[in-house]
Amino acid sequence: MSRLDVKKTYKLYVGGKFPRSESGRSYPAVGGDGEVLARMARASRKDLRDAVRVARSALDGWAGATGYNRGQVLYRVAETLEDRKDTFVEQLTMTGANRQAARREVAAGIDRMVWYAGWADKFVQILGNLNPVAGPFFNISVPEPTGVVGIVAPEAPALLGLISRLAPVLVPGNTTVVLASERHPMPAITLAEALHSSDVPPGVVNILTGRKDELIGVLADHMDVNAVDAGGAAGDQLTRIQQGAVHNVKRVVTMNGPTQSPYLIAAFTETKTVWHPKGL
Amino acid sequence: MTLATAHASVLPDRVTTATLRSFLRSVPSVDEVGAAERVAALSTRSIKRESKRAALDLMIRMMDLTTLEGKDTPGRIAQLAAKAIRPDPTQPSIPSVAAVCVYPNMVPYAVGATEGSGVRVASVATYFPSGLADIRLKLEEAKMVVAAGADEVDMVIDRGAFLAGDYFRVFDEVRRVKEACGDAHLKVILETGELATLDNVRRASLLAMAAGADFIKTSTGKVTPAATLPVTLVMLEAIRDFFDATGVMVGMKPAGGIRTSKEAMRYLVVLNETLGEPWMTPDRFRFGASSLLNDVLMQIRWLETGRYASPDYFTKD
Amino acid sequence: MSRSLPTTSHRPLLWEYARSTESTEIVDIEESYGLFIDGEFRKPKSGRTFPTINPATEERLSTVAEAGEADIDDAVAAARAAFDGVWGSMSGAERAKHLFRLARMVQERSRELAVLETLDGGKPIKESRDVDIPLVAAHFFYHAGWADKLDYLFPGMRPRALGVAGQVIPWNFPLLMLAWKVAPAMAAGNTVVLKPAETTPLTALAFASIAVEAGLPPGVLNVVTGAGATGAAVVGHPDVDKVAFTGSTAVGKVIQDRLAGSGKRLTLELGGKAAHVIFEDAPIDQAIEGVINGIFFNQGHVCCAGSRLLVEESIHDRFVDKLKRRLSTLRVGDPMDKNTDVGAINSREQLEKITELVDSGVSEGAEMFQPDCALPERGFFFRPTLFTGVSQSHRIAQEEIFGPVLAILTFRTPEEAVEKANNTPYGLSAGVWTTKGSRILWMADRMKAGVVWANTYNKFDPTSPFGGYKESGFGREGGRHGLLGYLDWSEG
């Protein structure tokens, strides 16, 4: 007699906890053959509101950490991802990828996290500089995190796409609310578990699963979200995000070209320029 | 300790190096770049027509016509005094200068040459220009020049003591010289070129005023830089703060390096916009200068004739 | 303790300066101006015109064409043709020489441009002469040198020009805002359709004539005059690749909305309500000057004006006394007088807006101080104004007034200063005055603003990026960061 599998309940990741949706709703994650792989929590607008609130309260701590510290935390994330490699491969395979491609995606994702981890104590040197103003002033421009960033994760590749958009947001010290791939949400929650068991402070990354069309408008309209990465938004979703952004002049990032680039980090920073006289 | 109490203090035991140091530490700092910007902005003021003519007259009336050379002689003093009394013999309407400023030994000649003219006699004292002598000698010298008829005494502070943090010595010397001067007006030279920073200028200004200075003065003329606009601005601001605290109106004298009426005009604008009308008088503002006078006379001649003037038509004294 | 100087109580202290009026002979204002499209001045197809007046006298200076949609079509087509035909393919080195030449010609005609700026906009001649126009030339010089060095902007980046830039600029620094927009756009290889503000079109038109004289290829720069509808047509034009706007947050939001889904690139430089923080240990007299310059420079028509003064409670009274005394020495009046510190309000509309907000300050219970200075009988003028006893919730502490009005609040601790400074949807600029170095850096780290002036204020330089956080907009102008707004760098 075969053993009955113990199936995992997939929940949201908010504020360092794994709550169910306050709405009590779920939706099926469907495999490559159309079978239901798991039921995912279907986040509500209130779940999103809660996620933004905890992301805001986590901001000062994460942004205020040293680049060296953030770099170590992100490297630690890569370590914990490596630990879950097989789980990720399994999940990606279930959603239709062949096993070899799944392995490649997982490896690329982990390596990408390592690549970005290394930027945390360097990007300021690439993006910032002293400005030679015509006068007796010290003048320096430095990038600072934009704040709370909403990420509309790409639908695919579910894991690599998410890591590629998440890491550059985290590097400069932003906190984030992620709308995971709607079709293939399981890797996102497994990633959340990896984040949770690494040293990422609670609230820095919050991951919601559910219907993007239901949540994107709420995210775009939210007055306490400073920027939205629309990298994973479809055409009409992008327009909706850009319309919602108007209410508080959100930055909407659409850079879809690069897979890894310090200028993707730059897209989630604000340049601050400080002047001071030089005199006796 | 506040400015007011420092000023009111008469008993030596109430003013000590410690109290002076804590007071001077509480003095707001000065940002050099900001001070330079302020005077640069004021230097763009455009003074024309009747305002300009009035200002040129005022410059003359505010002038301490100065000779401080080792080769000064009674003859030289007599010539200077004649120029001081009647700067332009062809134009009697041009006023006399405020004072002639000379070395102690020249005081009797200056007194004789200016008698009855209204031109005052100022003497440097306290072992000008270094001030590095025993206080008894300095007091003796101050008393001597006053006894010889000087109306005003221009003393120097001990910059070494100031820079070494011996504020009590600086304060005490000014106070005792002031006492020695009796009714003569005391101008205290800070020698700002040696104080090096505007923070020091502001502190030394307040220290000198608290000790009883009637005027504070930038320079001996023997050190470069002498008077500058930022230094003057900071001293004027210190005068304003002192007035706010005590109600006492102390005068200001930039000296050294002011050679053209255009430069002098900038000082007047800075004065006007920092302290205003009550200070726009020879009683509260002086220029320590020698070659400035002829340039002012040439400007007046130009205003009156519409032709630019030549130095050949003005006496070199 | 503070006492007023003997004569300050009743009237301003000024030893009266005789009037020293800049001559207007140097400028030759035409009776009317057309649109500058494809290298020539043209009559508008719209058939419409509007007057531009001198706000200091309310007299008409000239009549200017109002560009309609057909005119914008022409201008964008000319810009597109110039991009495709000449400018986009020109070597960076050649583009650089064009920009250097423009910079030189601005310098050569600097006094003329300064007089024109003051006549049309109302700012004091000493500011247009000593600040605006020199910075215009500096911006062209700085960006000229970048034109052939774009590959060195950021390591590994391979930037490319975007195409046609539609630019809409405000009336507070008319020619300088043109320079901030046009110089980087052209250095990066874009062509431009620029719409100046309707109350201040003349220096942009003068610049267009400079472009002709300088031999700039036709269509690289097009100047289309008009009001809001013209601006909307520029930013909404389907063949514009990039939109840059400087102006109010309200209009910025309209533009952002209009561009949603269009795929156009956008940078916005919007409003502000800058906190200017004064600590007890500040260099006090320079701080006074910084505060005065921060709010009364250009009549307070400055997006980064230090309009919210936060003074440490322990020095509030002394600081306000000094501020009032200094306020009383400001010379308000004829902008063409070289000794005027505060000139004319740019328009009747703006004067009404300032008046309305100041009235709200009084009715909400703040205490108002204005010096007793005479204002000219004609023209739009407003006395320098400060309010004490202001609360965070007062409208004058929340809304951008864009006029010579300072709201003064207090704080007790650095944390409180930061909290109040950041308690606004804006984030353009901030100021801090303290002698303690580590506190400056602590404050600068925490103030959410694109520009932080420490122990100085309202400093601008072409090498120094400028732009806001939050609702003050996005993108930077100036420095190497400013060029990114005119380049496609999405491929990393």
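Chains here go by letter, A, B and C, matching the order in which they are written, and residues are numbered from 1 within each.
Note that in this section contacts are C-beta pairs under 8 Å (C-beta built on N, C-alpha and C of every residue); 3 or more make two chains touch, one makes a residue touch a chain.
All figures in this text were calculated on a predicted structure; none of them were measured in a lab.
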Most centrally placed chain - per-chain CA mean versus overall CA mean
C
Taking each chain's centre as the mean of its Cα atoms, which chain lies farthest from chain B?
A
Comparing B-C with A-B, the busier interface by C-beta pairs is B-C
Per the C-alpha centroid definition, the whole-Å distance linking chain A and chain C comes out as 37
Roughly how far is chain A from chain B, centre to centre by C-alpha average, rounded to an integer in Å?
69
Euclidean distance of C-alpha centroids - chain B vs chain C, Å
43
Multi-chain contact sites of chain B, meaning residues that touch two or more partners
31, 33-34
Expected list for chain C, residues touching two or more other chains, is 455-456
Shared-interface residues of chain A (touching two or more other chains) are 137, 277
Quick one: in the complex, what on chain C touches chain A?
138, 154-157, 249, 252-253, 256-257, 259-261, 268, 270, 425, 440, 444, 449-456, 459, 461, 463-467, 469-474, 476, 479-481, 489-492
What part of chain C is in contact with chain B in the complex they form?
1-3, 5-8, 13-20, 126, 130, 281-286, 289-290, 321, 329, 338-339, 435, 455-456
Would you pull the chain A residues touching chain B in the complex into a rising list?
136-137, 277-280
List the residues on chain B that touch chain A in their complex, please.
31-34, 36, 196-199
Partner chain C, residues of chain A touching it in the complex
126-127, 129, 131-135, 137, 139, 141, 146, 226, 235-236, 238-239, 242-243, 245-249, 251, 255-258, 261-264, 270-277
